[in-house]
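The two complexes that follow have chain A in common; it is paired with chain B in the first and with chain C in the second.
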Partner chain A sequence: MNTRWSLFLVVPLAVSLVLLVASQSVFLESSLHADLGFGRMAPAWSLHNYIRVLTDDFYLRVLWLTVMVSGIAAVLTIVVGFPIAYVLARMRSRWAGVLMLGILLSTFVTIVIKIFGLIVIFNADGPVNRLLLGAGIVAKPINLIGTPAGVVVGLMYFTIGFAVLLMYAVARTVPRSVEEAAEIHGASRRRVFLRVILPICLPGIAVGFLTVFNMCMGAFTSAALLGGGRVLTLPVLIQRTILFEVKYGMAGTISAILLFSVLLINLFGIFVLRRFRIGRRVVA
Partner chain B sequence: MLWFALAYVFLLAPIVVVVGASFSGADTGGVVISYVQFPPQRWTLEWYARIPAVQYEALALSLVLGVAAALAACAIGIPAAFGLVRGGLAGTPLIAALLRAPLQIPTVVIGIAFMQLYYLMADYSRIDLVGSFAGLLIAHIFLVTPFVTGSVSAVLQRFNVRLEEAAVILGASRWRTFCRVTLPLIMPGVYTGALYAFVVSFIDVPVSLFLAAPGSVTYPVELFHSMEHDFNPSALASATLVTAFSLLLLVGAERLIGLNALLRSGAA
Partner chain C sequence: MSELKLEGVVKRYGQVVAVERVDLHIHEGEFLTLLGPSGCGKTTTLRMIAGFIDPTEGRILIGAEDVTGLPPQKRDIGMVFQDYALFPHLTIADNIAFSLVERRVPTADRRKRIGELLDLIRLPGVEERYPSELSGGQQQRVALARAIAHPPRVLLMDEPLGALDLKLREAMQEELRALQDKLQITTVYVTHDQGEAMSLSDRIAVMNAGRIEQLDTPSNIYGAPRTEFVANFVGKINFLRGTLSGQQDGFALIDTPVGRIRARMAASASFGSDSRVTVSIRPENLRVIHRAEDAGDMNTVAGRIVSRLFTGNLSHVRVAVPGEVELLVEMRPSDLSDAAEVTIGWRPEHGVLITN
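Right, the complex of A and B next:
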């Protein structure tokens, strides 16, 4: 009986492996060729591109900026997203369904549309700037486009729907009785949240953080549209290397560095989680 | 509670603004998106009449692509889930990790990788997938299949095998048991996985950006180009129509499988 079910794996595994190996090996191979210009590549393998990327200040700054912007966006997404998920998981009112649909809708709408909205909201005489200027909070209109802050906001919109869905699954695993026990012993709601709920959910939150971070590292659209050409992240740099410089080898190298950075940071994250004995169940 | 309300405003504001601005009068809607006014000074439907044909074509391509990718993802993901959960192979965790691998690869890298693969194939064989629908579809299948595998596996793991045993004891054949007992019970997982597969394909920019032919791009890529090059407020109108479609799709899915199934297996 068991052996028969495992036969179902043959075709899916073969298809997945072919697609994975074929696509990844081709670009990794191309990353080993130096570019000759006009889209042509040197025939011999060399580490020329890798040495260039890893010793050139420009590329290292872009890598660092990508990691920083993704990290900040992931932290903020979790800080905003976890409370939403927690309240939704505890809500018994019939509005919970409608509110949940709101989260799903935000997930289902392409980031390009959300960025349309963001630009209208934050333009020089848009609602936010009129409010801030009117209240005297800022002296001149704030501008998101072309700033790292703008890219962070864009990344948050890209990931927050998914993050709330992930955190919702985590928050649902906390039994209500645990909270009630803390409340009976006199803990305030704030204290229950900080001292009971958060520690229990920490492994799930950590895994959610890594997922969101991965999405941010590969996110092209937010950085391209809100970076306005002034904030370069690795995904944007990859597109420009192909589109404007037509250097397929170099684009392959930058892609490989992006891929390896994501994998390394994830391995490190899982190592830290195991080391502190949190999230064994989730990460294993 | 205040935090909760503010978070919702944050989450939904851009979508509300796009819908509102799509009704904004022509004198305020400029050729650059940062001139579009919200709230609208004058209400009009004229941008809806002016949605260019190319946006409808892009939308049609995105819909066909999303549905085809989701169907293919089901054809691959459902058997994979049965094999993973019930196969009992020693290497199951490794196989599961391999099947999940596309989720770990940055999407922009998936786009580049398939683009270079297609160029290479065109150079060394007669198969030319560069800028073709088939090429786009293959990359999207790679991108979205893990969502079906994940959500069907999640349902199968909670599956009560006694229900199947009962059917067999009562004289049902294996095939009949599968069709009448197993399949109906895993359908919520299938619908959820297929829905997420469709959505991930439907909203993707980075993969399609590198693979679509310049003349026929997907809807998000078309919007992306319109924003970078020649913005026209009719993009807001078509975006509003697409948002309304997404909402209908969601409400339909909620009626069909219930919100809980949608949430439980969604975050695979």
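Right, the complex of A and C next:
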């Protein structure tokens, strides 16, 4: 008798349903109630909050800033992460394993500790600024904390480890012999990268980009700590709406907007990905 | 197309010697095979010719040009890989035209060349397909077309048929040989399959432990192996050890545990008298002598059948002879009776002397 292994998937399905759908439905439901102040919500359903968010310049600018900061952070993370992953994938010495372990361990260090490290390094009297001032590159200390650029750096720090691990798996799918075939048939290193490595890895890179982008969109700690209260992204705004304004309905609405914008961007991404083909195998 | 020369090429990795010293002169249009077991240095040698590995010592010349320090891109070589190494994201046409694009060949010429090559490998009409849509044999033919699209000075093949099944491999061997006869490209072919080496090559370099043991035509490699390694690696073989005791009628006389036998003197070899030698005899040259008068001037030895293996058209029979030696005899099943005691004989010219 064959065991029907697929039946075992019922368990993770149930857990996912409870944790994901059930919890999300709570705030999705609350997003339909107008706030009455002091944490009270109107009993009737209405689109009041949604109309407010989608017509108010303030909320739209926060949404735009969140998408921009996440997008830039994701692009930069992939640009920095892919070469690292590629070199690791091609390394034949035993250092590859050590380096991989280092990346893995640093990835699982809590982001709070890493961000405080960044703050120490980048503060006005920190080593980076002292170096730049001493070398005469800048006239006054550059301030990353409390700027979108600082948030981008924080998000990159948060996601780079995951990105390298993801890209490592992608880079491993390019056989060495395919690169050698390109080299011996006349392609320079640059051309090998542009004509062979990059196109073969592109679907994987795109998936990696979306993953990193999603992590950035929902990242609270990096944005809150490096934004210093001056850079408002959606996750930071949600926290403030709940804690400082005690508007549960509005917080639910902003969460829903975050959820749906991430969903839409991902659906669009998958749509674009489907148009890439490796051979006739459709990717994603 | 050019000749290819390897002069005193050595490759060491720290203490490990991958290629001890290789001198090779491959003539223009010649098909030369590097044959040997894995780890013998044949692939390392090929990769040094390609430029993927730098030799520790020695020079590599294509035509008159010293290419030793040159990167692969600049060597004007075509190469076929064991795993095909086609570009999965490019169509067959783009795969074949890869080197033409890199060398900025105009589009119209490129298209014409793609058509010619697809006809040559007998796969017309697959231009717009992708590698994953072709079978292994078809992919390897495309890989060959890609390697010769921009006529290379030298064509390298690294076990190109290794990933194919037996039937396809044999068909591809014939096809490769026919293509080689037509194109006359200087080719270095790497394989561990002796049959493949035999049927394809003009000359074979049998490699062992980083050295070339024998560089010769396929028929000499098989019929006149110079070392035990070569004799053993290529086909099945019997060895009889003994001492050289003299010469008679152009044959060497050797005293062995099975008695005094006569064997062919290799023209090039010189043996001091009384030196230890080995005589090699191919199993197909041994036969069962049913009546004493059939023996003629053959070497004969009496023995006892130990085992019989029926392989289809032939039987492999092991015969124990004096000196704790077993001789492998290949014969038609009909030549064999049920008798356990047999006399084995072979013509003196079928015994080949090998240096120890």
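Here, the second predicted complex is superposed on the first by the 269 of 284 C-alpha atoms of A that agree within 3 Å, B and C clash if a C-alpha of one lies under 4 Å from a C-alpha of the other, contacts with A are read in each partner's own complex, and residues count from 1 in each chain.
One rule holds in what follows: a residue touches a chain if its C-beta (ideal position, glycine included) is under 8 Å from a C-beta of that chain, and two chains touch if they have at least 3 such contacts.
What you see is a predicted model; the values in this text were computed from it and never measured.
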Contacts of A:7 with chain B and chain C, given as first, second, both or neither: first
Contacts of A:175 with chain B and chain C, given as first, second, both or neither: second
First, second, both or neither for A:183, with chain B first and chain C second: second
Touching partner for A:199 - first (chain B), second (chain C), both, neither: second
First (chain B), second (chain C), both or neither touched by A:24: first
Dominant contact partner of chain A by residue count, chain C or chain B: B
Chain B versus chain C as contact partner of A:191, first or second or both or neither: second
Touched partner set for A:264, first chain B, second chain C, both or neither: neither
On chain A, the residue positions that both chain B and chain C contact, one per complex: none
Complex contact set, residues of chain A against chain C: 175, 177-178, 180-188, 191, 195-196, 199-200, 277-281
Contact set on chain B toward chain A in their complex: 1, 3-4, 7-8, 10-18, 21, 33-39, 76-77, 79-80, 82-84, 86-89, 95, 98-99, 101-110, 112-117, 119-120, 138-139, 141-142, 145, 149, 199, 202-203, 205-206, 209-210, 219-220, 223-224, 227-228, 235-236, 239, 242-243, 246-247, 249-251, 254, 259, 262-264, 266-267
Chain A - residues contacting chain B, complex: 2-3, 5-9, 11-13, 15-17, 19-20, 22-24, 26-27, 30, 80-81, 83-84, 87, 97, 99-121, 123-124, 126-127, 145, 157, 160-162, 165-166, 168-169, 214, 217-221, 224-225, 234-235, 238-239, 242, 248, 251-252, 255, 258-259, 262-263, 266
Chain A partner contacts - residues on chain C that touch it in the complex: 50-52, 71-73, 75, 77-79, 81-83, 85-89, 98-99, 102-103, 130-133, 143, 146-147, 149-150, 156
